[in-house]
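Supplied in structure tokens, the structure appears directly below.
Note that the chains take the letters A, B, C and D in the order they are written out, and that residue 1 is the start of every chain.
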Amino acid sequence: MIRFECDYLEGAHPLIMRRLMETNLEQTPGYSTDEHCAHARRLIRAACNAPDADVHLLVGGTQTNAIVTASILRPYQGVLCAETGHINVHEAGAIEACGHKVLPLATTDGRLSAESIQAYYDRHFQDSDHEHIVQPAMVYISQPTENGTLYSKAELTAISTLCRRLGMPLYLDGARMGYGLASPKNDLTLSDIASLCDVFYIGGTKVGALFGEALVITNPALKKDFRYLIKQRGGLLAKGRLLGIQFETLFADDLYMMISRHAITLAMQIRKELLAKGIPLYYDSYTNQQFPILTKEQTAILKNDYTFNFWADLPDDRSVIRLCTSWATMPQHVAQLCETIRKKL
Amino acid sequence: MIRFECDYLEGAHPLIMRRLMETNLEQTPGYSTDEHCAHARRLIRAACNAPDADVHLLVGGTQTNAIVTASILRPYQGVLCAETGHINVHEAGAIEACGHKVLPLATTDGRLSAESIQAYYDRHFQDSDHEHIVQPAMVYISQPTENGTLYSKAELTAISTLCRRLGMPLYLDGARMGYGLASPKNDLTLSDIASLCDVFYIGGTKVGALFGEALVITNPALKKDFRYLIKQRGGLLAKGRLLGIQFETLFADDLYMMISRHAITLAMQIRKELLAKGIPLYYDSYTNQQFPILTKEQTAILKNDYTFNFWADLPDDRSVIRLCTSWATMPQHVAQLCETIRKKL
Amino acid sequence: MIRFECDYLEGAHPLIMRRLMETNLEQTPGYSTDEHCAHARRLIRAACNAPDADVHLLVGGTQTNAIVTASILRPYQGVLCAETGHINVHEAGAIEACGHKVLPLATTDGRLSAESIQAYYDRHFQDSDHEHIVQPAMVYISQPTENGTLYSKAELTAISTLCRRLGMPLYLDGARMGYGLASPKNDLTLSDIASLCDVFYIGGTKVGALFGEALVITNPALKKDFRYLIKQRGGLLAKGRLLGIQFETLFADDLYMMISRHAITLAMQIRKELLAKGIPLYYDSYTNQQFPILTKEQTAILKNDYTFNFWADLPDDRSVIRLCTSWATMPQHVAQLCETIRKKL
Amino acid sequence: MIRFECDYLEGAHPLIMRRLMETNLEQTPGYSTDEHCAHARRLIRAACNAPDADVHLLVGGTQTNAIVTASILRPYQGVLCAETGHINVHEAGAIEACGHKVLPLATTDGRLSAESIQAYYDRHFQDSDHEHIVQPAMVYISQPTENGTLYSKAELTAISTLCRRLGMPLYLDGARMGYGLASPKNDLTLSDIASLCDVFYIGGTKVGALFGEALVITNPALKKDFRYLIKQRGGLLAKGRLLGIQFETLFADDLYMMISRHAITLAMQIRKELLAKGIPLYYDSYTNQQFPILTKEQTAILKNDYTFNFWADLPDDRSVIRLCTSWATMPQHVAQLCETIRKKL
């Protein structure tokens, strides 16, 4: 069985494992106050061209999303996001557990637009009863989105400009950031993202690390007392150096981008093969997640040798499935999958 | 200016005011432990034919909804409701402030159906990732709904039967309960509601009282320690007797139903007049709220002499407005409104 | 049975009842946007000599305390208060339900000192692990305290000066404010309190109203969006005018102070009688609550004709009880109590 | 510089690192649904002699404490613990962020007694106003305590018996569990703990793992839906297998106890040396934390070559410090420390 169901099937990139071994018996102070973390923070600030940013190394994405949201919002405020946004549908109410409503906006492919944000904002404040309604006060987007789609530089700039005008911090969830940056359709750099967003995270869990997300806070107003919040939400890892070591490895020698490109190269092979076969794609993804629409027969054939995710059932009896590549995907596995697509579907 | 914008424009029914005056210098213990509250609870249990119910007298609806929800749900659970439900759109995130997600279901007229509840429930538990998703664990409905519509006995029975089968408590928000019971289309008694719901409240604020909602808990599993929750959420009125006196007055000599019928009689006059004039109704309401669809010109004419609520703008430039009657509405005011409709619109 | 157990035994001052009757059938918009509320706010601002203050009229004290705290604190911050403070011991965890820790400080008579606040603050920030500990970020005091004691102008000034230097808002719970202002030992005016505190409330429930607390926010930084918070916590009364009418009555013609003085005059009679009899007082209270220490025999005698609260059991088998007067206490009842003390204890 | 400041200075036991390397490129499903986690759960159940227990593998202690507490308590309930308990003083309000009050009990050495729990419980329910006060509803203890002290089997049995009689779940925080089990003064087995507690965790972070705590739920009433809570609080590690691999290594071939004994042997050497030198101990600890009371001069000497924690300043100008050993402490470092104590203090 070859697994394509998600992008966190394996451990970590071998270089990370080696560094964890080499440093294992070093003695360091706890809670990310060690030198590895300091080094990782410097590398990430440099990669983002954001010398004044605060960088916090956290364990996982749900935790990070909840902490950021709890940090920004006052109790009666909510967070705007795509109805498909991870915080709306796949975090078991982590945002609500912090007291905040998620305010979902309709979307066709996981992306918000500046227009839809503006419209929601206007509708809220023009309502004479707006004090009876949760106030929209920050915007959550993901890049790539949960659907594998990407914001262009123009789109992100429009959202950023609007958010700054309206005084709503813009937060970007980059759980799969590397797979966005490495996409052939991408025109955004980390530096662009750092300058357009108020806070964002660079995902490690799905891009080469055992675990870990690097949160970058560029808006000075959002920096204050952040470590209290991390601690309160159970996110302050005792042996914080584990995060430091992983991120200093990922951000040395371009490793993060190299392994991201690997995943994208393989995903594009699958994409090409699917399209060549005439299999439609549910979302037009140029990232590491591909969403082919398959008949029951095609699905059954694929299930013989591969694991993947069911995404949605269509009214016409076909299904959308999700195939993921990652830093760890083996080229021969993709070659085999392509052959299956070509010959058997 | 004659006001039809809502059903809480005046103080309280004169009989209530008289009783508050008469009892004003009585000395009673606090926090609803007095004899007036005990009497009110007895009367309400009798009216509901629910001798074992717990009855709590609370100040307002948002407070009541939040307390009930906080009482029932565990942290990762959410409450199903119509997308137009008051808890979803008009309580400034009171449910989320208790840590819970509101799970909105699509609806055309404010009502849920057993089918839509079942479908949501099935979709949740059939999802292999359901532990990542807020668990539906109670159902919130309102009677009448925010749109003036009513559940029939058959519909409420279907929902109740389903909820009991699925183990999800059914909570009915009766902010305008009297105006539902008094509707010519209603076939539900208080006794029916008590036997079909696990917990519900009988609204006083909009039906004759200065303020106050009588919460009735019929499901024994939901009774425990409820007063702690009321206190914690700031709902335990020091001079609880004020609630007791009001409800013992409303539930003596059929006053609650008498004043509710008054409002409905007047609302039906308005409804009839609108239909006679060929003015369409946005919702088919037989309760105290009427939702005519007016042209800009009609709206302008009405605004000269009356206040009302804007409900929605239609794509064809017409608007939906809301006209409310209440226990306090004066027949001559309705007569005048009807004449305006007849002669000027 | 004559009742002295608390200061919310009766309804409201007759002038309030009259005004509620007179205005009962007026039609007003809801949620404290009516003219009575506007008038009450003007009168309160004038009484506080705080023309720029925001005034919000709320139903009860626990609600008010929770809303203010939720409004001020970020999630990882806590509120300093006396260990006997109402929010610490008698609100069923209302502050914690908003996510915040109450940080109790030891006290002998219910009062905090600037020194104890400074010491806690220093200890916190000097701890190298302070990011692992709830951050002190506001101060809660009550005037009079739960023990009937009073802050002098010098003491409140010292606390205020410190709080401003440390950047911690100072909140004063004035549930019994009138009984403090009317005390023979008081040297603080409402104007002093308004200039020394960032936010405080003037209690109505215990001082002549059916219910109601007037919250005064003088610190501009704390005013923003406050009505959202009131709504979210279930504190936005539909018929807000009820609060407006009560407070415009209390703050016209010096009524609030007149009825407060009445309570204090009677409390001082009781105090004098107790001391004359050689009965020790547990707290040295010059306000409407008196805390005599009685033997079992004395307690038994008093229980024959009066109700009162048990406050504490002493190791030597004596008990502390609480006797309260209020705006409604009848002089002949106090005279009778004094005679009982004099002749029977 | 030799470090004794805490027990999480290094990475993980070499056997764990080896297993992480060996398994690194295995493909496994996420979120602890893999076979390593299943194996670890079986081993832990066996070690606890609790075949029906639910075992969840979590990342850190603060997270675990918050999740357990949120799972057990209803909103108005609080958790009893020693005033020195980790949840009360060192988790930045994680429990309060879940809406619950921590109810601290006085203690001399970090341990609760059945008597103090019973007394608090009685005082609460005998208070006529108990519905205004947070209800005690679970008990948190730690073994060893934060002060290095231990509950005896008799003491834990007394607490357990009481908790079961009162219907309050007993939760034991075993962050340093191994160092308790390996103590010469310990008379409790894992099996005893499993049978006496309703839920407890076996700490990995401080006892050989990179990170990880194994939560064991023996009370069937507390098992339901637990994974939802883990997810909601950000504790569901994507690559859960990392936890599984670590715990299956720790619980194979007695590794957990072997490395714990190592730490205790070294701690007892330090303890003996301190006592031989006449240096008093602040707590009578037979576990891996030692709390000598040192003069300023002694502290200064020690600081030249060793790191340690300042614990408390005594009124007589002496200080309490904390010295920790762990699974990773090198015998030659302890030998050197002992020589320093012997010759230089």
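The rule we apply is simple: a residue touches a chain if its C-beta (ideal position, glycine included) is under 8 Å from a C-beta of that chain, and two chains touch if they have at least 3 such contacts.
Keep in mind that what you see is a predicted model, and the values were worked out from it rather than measured.
Separation of chain B from chain D in touch steps, taking the shortest path, is 1. Shared contact partners of chain A and chain C, listed by label: B, D. Residue numbering at the chain A/chain B interface overlaps substantially, since over half of the positions present are found in both copies.
Two chain pairs, C-D and B-C, are compared here, and B-C has more C-beta pairs in contact (counted per touch definition above). Chain B and chain C have centres, each the mean of its CA atoms, that are 34 Å apart.
With centres taken as mean Cα positions, chain D sits 42 Å from chain C.
Each of the following residues of chain C touches two or more other chains: 75-76, 91-93, 97-99, 131-132, 228-229, 231-232, 236.
The part of chain D that touches chain B in the complex is made up of residues 31, 70-71, 74-76, 98-99, 131-132, 135, 225, 227-229, 231-232, 236.
Listing the residues of chain B that touch chain C in their complex gives 3, 5-6, 8-12, 14, 17, 20-21, 23-30, 59-64, 66-67, 91-94, 97-98, 205-206, 210-211, 228-229, 231-239, 241-242, 328.
Chain B meets chain A in the complex at residues 75-76, 78, 89-93, 96-97, 99-102, 129, 131-134.
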